[in-house]
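In the two assemblies presented below, chain A is common to both, partnered first by chain B and then by chain C.
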Partner chain A sequence: MVSTEKRISTSQMFALIFILGMSLKMMMLPVLLLKAAGRDSVIALTVILLSELVCLVAIVAAVVLSPGLSFPELLRGFAGKWTSKIVCMLFSLFFVFKLVLLSGEVRIFFSENLFDDFHWGAYALPFFALITVFGMGTARALGRTAQFLLPFIFIATVLMLVLIGGGVDFTEVLPFGEFGVRNTLSETVRYAMWYGDYSALIVFLGSVKRSKFTVSASIVSGAVASAVVLFFTLGLTASFSNVCNVIRFGQNVTGMSHYALGNVMEGRFDLLMFCVWMISVFVKAGIFSYTSVYFFRSAVPLKAPAVSLALGVILYFVSMLTPSATGLHTFMMNVFAVPALVLQFLIPAFMLTVALAGRKKQFKRDDRKYSVADSDKGDGDETQP
Partner chain B sequence: MKRSHKIMLYKLSCLLFALVLMFLPHRGQPYSDIRVLATVLGVDGGEGNVSVSAQLAVPVAQNGDGKASTVARATGGSLPEALENLEIGLGRRIDYGHLSTVAIGEGALIDDIYNYMSYLLSSGKMGPGAFLVYCSKSQAGDFIEEAQQMGESSDAELANFISYSKRANHVATTTALKFLQTLNSSSHAATMPCVQLEDEDEKSNSGSGEQSGQSGGGQGGSQQQDEQSSSGSSGQSGQSGGGENKKKKLVAVDAVAAFGGDIKAATILDELTTRGVVWQDPNSDFGLVELRDVLIDGEEVPSVSARLTGKKVSRSAKIENGENVLSYKIKIKLRLDDSRICGNPLFYDKWKNALEEEFGSVVQSNLMRSVEVSKEMNLDFLGIRESFRKYCRKGYDNFELSSVVVNTDISVTIQT
Partner chain C sequence: MQRVQDIIDSFQMPDTVFRRDFTVGKTPAAMLFHPDFTDPFILRSVLRACSEARKVCDAESLLKEILVVSEAETGDEKDAAERVLDGDAVIFVEGVAGCIAVNARKWDKRAVAEPPTETVVRGPREGFIEDFKTNVTLVEKRLRSKKLVVEKLKVGRESNTAVAVLYLGGIADAELVKEVVSRIKKLDIDAINDSHYLVPCLENRPNSLFPQVGTAEKPDAVAAKLLEGRVAVIVDGSPIVLTVPFLLIENFHSGEDYYERSSFATFLRILRLIAVALAVFLPGLYVADLTYHYEVVPLKLLITILNALKGIPLPPMWEILFILLFFEIIREASIRMPKSVGTAMSIVGALVLGDTAVKAGIISSPGVMIIALSSIALYAVPALVGTTSLLRILFTVVGGLGGLYGLIIAGTVLVHYLATLDSMGTPSLAPFAPLITDDLKDGIVRSPLFSLDTRPQSIGSPNKRRLRWSQPKKG
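Then we have the complex of A and B:
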């Protein structure tokens, strides 16, 4: 049972869902889809966002229905010790690869948008140090960090929305349907590693202080995050609709805002906003790091600092050895498309299943306890004079 | 690890990260001190012999004569080579992050322009919001150099001039991305505003010649020859040419160059057609518009100028009676500049409606003129075909520019 002081509040859950729902998807996915499916990338992303919201509903239901136990505890009770260890190790690996992808996206962002001569080796050090610290932290620490940073991220996001919304001709997203439904859906599957991030909420199973607003706040947060992502995708598609060959990977949102703002002589306020927004990506990296360490420790009982440090060091060297962003993208598309797609639906289904099974067990246990108590009470009554 | 140690480690990581972000870009890069910023880039010639000119913002301390900007030129077999030669010639790396305007020289062909823009955007040298202008009477290099000399005697900057036009004038402007996007659309045509430096006398003469045939009025731009210090609202900026006594004017946007179709070179549209292009452009929604020699209720008014405070343009495409019909709905809000008219007690009863109608008819005639020219040239610079692609697929499949019926619904409101 997760102790009460280690649980996250509803508002922290709201912040975590908002960050998970928005950051990595907005970084690169719209550009990749635009290059692959043209204007129909909007349809592809709508399908992705809807499927994510369905997953979120299942996750929130699992969180609300869980009997206050963590996922590894519930899984152990449901499927046995060794199955639980294997599943946890698998999940840990999955989130490690998500982290690799995210670090690649961060690298592209800095090298394409901010600095011409960018030394990733230098920047990767603090980045991986940060995720190491997140990895050795607690769920509550993550929740509080997200809660503290949410206002800054939210304001930056709103300002970016305003900047882009005022300058982009949204009619340029039309016409839809030229790429074909089948092709669009197959492209959607290829980029499965880039979405389905709500599955990281699995570590918060049993760790949420439930209130009457937990369900509504979580769904609203997910819906708002999805709306933001969709808006940016619409803006990007409208800006680069039939010239997507000229857009660079890292210049998605900034390119769009640059286009919307027009005059660079008056400064790049959008870049400042985007840098503030980037905090959400760091928090998301922290969530992935924590999730990887959490599942690894559930499979192999080691101390969090050791696992976290090892993860940070390994990822640093992996990212240094990764030759290019496109190489990383190709690897993630070719190797992880199907596993990621399966896992992103499997994890919420798993969560809901084990939560319901655990809840059923708890009810049975409670029933037995009450019936024993009743019989004890009955026996006691009989003995009373 | 103790909790206090964890917190300390966390704080140290954050501090390290902040320090790297703050100091590395400036201190960690050996080239940062010898960079110059390009604000305007001119491109002349075609593939095989490309000439580039860049207006560069140079740190004053590095430049002996105290100039804040200079112009550098280079040539090469291709645009990348020419830009590389520019840096080699300067001995400095050029930062294009603040590139605000790209000028294309007279005679440039559409394929070359397309390649240049695609390269500049995809290489990340130029942002998608950079403005494009066409030097209708000179090479871009000469134009930038003259504009630079002009700027030395005043604070006028070419980049500022164009960006001011975009923000505050009712003129045609286009960005690199918009140009490529329009050219890549099903209409396969795009426009670019023309700029040129003219001797003041030359402009006055040609201007008055053009105006004599225009009854009904027009808008800011070449009409206001006398207003030298009108802070750019007239679409031109009068300055003394550097070193010469001749007065030069930076003249912009009273004409646009249309590209596309079968014609490889630019086609310069006349002033009335240009106005039509501007009216249907939803992005040009500020600036001065003017009516001249207008007859209102039997009274001849020599000039009525109004400031555009808002414009909404919507298009709809449909098939009516077997014909492709494109409808423009344009809502314009104007505020009269002349307080004498506003202060007249008869204004509301007599003049307001008449002025609104007059402005509306001018807009309509300008727009219809553009449509006619587009049909005559068989060059869809208004993007009519693309409108059908977006809103009426059936019409798009059977599209013929010459047979499209264009309707307009112009609504002008004069605010006081």
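Then we have the complex of A and C:
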């Protein structure tokens, strides 16, 4: 029987990074930033994307340098059992909140763009079923899913880029600096919950089959995803910067694609493209779900199906209690902005630290092993006549 | 001879087996056989050969005399009853330990013919039949190699069905072979009537909607799979040979692909993929668009469809489900019906009933067209008809209840599920996820035969290279 590979490959890592880097930031974030910072939203998003890329570099370095152990294992060796459990619970909770935010974005997207009557009570069920299914899965299955779906997502993204690119007057983006640097940066901090998604890659620590392309492929993937996000933000800013108040709160970047891609006479091709692209958001929800379940199980050793089912059910009720998208956004901006900002930088730094510590430990162990082997050999030599 | 009588008595109905007493020289001997499974001419020749043997001191010397007229071997007395039920004639000689089993098998079998599910325009037309020996020979004839191993097993407490595990030593992964044999040996069942009885024990997820074991009805296809490092299982009484590991993409391959030009074979494979996508998603997409997303459909087409839908009492989802149910009934009935009635019934079902239902305003013509197109597309990949039929119903319901949102979620979950599926350790989505670039040469694209120089990496054969060929210089 073929030995089953449990680690993910570099190409799967590429797909995961592309999906994590792009999906959520292309939904509501550009609209919220545009409303808050006007044309300077482009600058705010550029700052966000650059900080994310810095985090990605740290994460990839941790992946490459890790001694093949998972994050909880490394953390246990580094900080002890109970600290490890507490940190894992904290991370699990962080990704649960990310999922709550993501579910809100999905709700807005479909209720505003595709359904006249979108009863979240009923429509949330398949979404949380998806979360449950992905939570039960494995890192390998996640990698394969992302890899298999990437071509579809990529084609949809390219089609949207090409078709929108021709319809937008990008000169409308300028001038920058009307909002002020300080204000722009403070807005960036307020929306911290919307970015820093690469931190979910923490679950793949020790499970990546490293090759000579791992670093370059990961960075290229992150850069491409950032470029796509930036392009859509530029398009949105160019289209609505003068009239950003006419964008309804729930309207997102599809509003921009609307006039550029299709019309009623020819059929709304753009909606189909956006639906295919939405696969990336669902896969991202799956990654968050898996990450959350993974960390919870690292702290409390329960079976994956039970934890994922519980997560799905709890999230369903939590999302039912969320009154509206506005309420959810306000909550995320007011309560979670600072913790999310701290965590999004802390996780990569933490990953790198424990990976380096684990690596150092392994080197020491190897040195000891070799020195014992050498001394054994030396003893042998001495006993020889 | 008491030991012969003991064997006869061990049968529930002792009359089942016949006993012929004779002498070898002056030594009494007896032959046991099942009259329904044996050839009287062979039995007569064997008896004559035995009688002509003047002096016998052991089973080996008698065996030499018998071997002149038939295949035979010495055996253990304990297996005698089993050998009789296999169609052998078993000879016992007084004072000689053990027995001689003579192959005197004879039963009716149909001729080797082209299998109905794997018909080809170009390529070999031989197909497996229900006879075990013929099936093994058909494969052996194509792979006259010292490496070909035919490991014979018996499965079924009551049926004692012969099962052969075929593989090429050094090409098939030893661990894979060990796993297949051990899984079959572990099966404790009273009887197996067909190779499909073994499928669940070769699958990691027997309840899955997707097959994890391949089936083939043609020896050329089985030989090709063995050459890729796969393992085949032949079961007595079944014209279907099982092969493992089995990848999802294999459903979209046909034996004929390798006898066509590579460009045309690739085109056919893409066509099959499109056909399956249409079969599964088209009804769901139609329902979703007409229920929730009118704006996706171009206006003129939408007006035409809405005109056709005028007066239809059922909403799109129920209408499509009704037509699907109608189609599945006609399909099932036409398969089971006698051929003479089947054609007439198909005409009545498809034309008369369908046309009348549209004219009566019960169902719409676009609905009928969608299901007709989807159903024709379904048969572009016959191996997946069961799976795609069920998925089509599922996606229709999902499209009707959740629109594009539901379809995308269901599609994503389906892909994730497939990503967790494997066949004897080989990922079902290979060579796409995990991506194995070398294997893409025979995935959706069928590269020219001479560029398929390595065996599929996903199968994990220890012998990687299958072809060395240098292109002749031009001019």
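Here is the rule we use: the second predicted complex is superposed on the first by the 374 of 385 C-alpha atoms of A that agree within 3 Å, B and C clash if a C-alpha of one lies under 4 Å from a C-alpha of the other, contacts with A are read in each partner's own complex, and residues count from 1 in each chain.
Please note the rule applied: a residue touches a chain if its C-beta (ideal position, glycine included) is under 8 Å from a C-beta of that chain, and two chains touch if they have at least 3 such contacts.
What you see is a predicted model, and the numbers here were worked out from it, not measured in a lab.
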Where does A:169 make contact in the superposed view: on chain B (first), on chain C (second), on both, or on neither? first
Between chain B (first) and chain C (second), which does A:50 come into contact with in this model arrangement: first, second, both, or neither? neither
Identify the partner contact of A:123: answer first if only chain B is touched, second if only chain C is, both if each is, neither if none is. both
So in the superposed three-chain picture, is A:86 touching just chain B, just chain C, both, or none of them (first/second/both/neither)? neither
Could you look at A:242 and tell me whether it touches chain B, chain C, both or neither (first, second, both, neither)? first
Touch check for A:283: first (chain B), second (chain C), both, or neither? second
Examine A:147 and indicate which partner it touches, taking first as chain B and second as chain C; both and neither are also allowed. second
Determine, under the contact definition given at the top, whether A:300 touches first (chain B), second (chain C), both, or neither. neither
Show which residues of chain A both chain B and chain C reach, each in its own complex. 114-116, 123, 126-127, 129-130, 133, 137, 264-266
For the complex, give me every residue of chain C touching chain A. 173, 175-176, 178-179, 245, 292-293, 295-301, 398, 402-413, 415-420, 422, 424-427, 429, 432-435, 458-460
Chain B residues touching chain A - in the complex, by the definition given at the top: 1, 6, 9-10, 13-14, 16-17, 20, 24-25, 28-29, 31, 39, 95, 97-100, 117-118, 121-122, 124, 127-131, 159-160, 163, 166-167, 175, 177-178, 180-181, 184-185, 282-283, 389-391, 393
Across the complex, what residues on chain A touch chain C? 1-5, 9, 11-12, 110, 114-116, 123, 126-127, 129-130, 133-134, 137-138, 140-145, 147-149, 264-269, 271-272, 275-276, 278-279, 282-283, 286
Listed in rising order, the residues of chain A that touch chain B in the complex are 112, 114-117, 119, 122-123, 125-127, 129-130, 132-133, 136-137, 169, 171-172, 174-175, 239-243, 245-248, 251, 255-256, 258-266, 303, 305
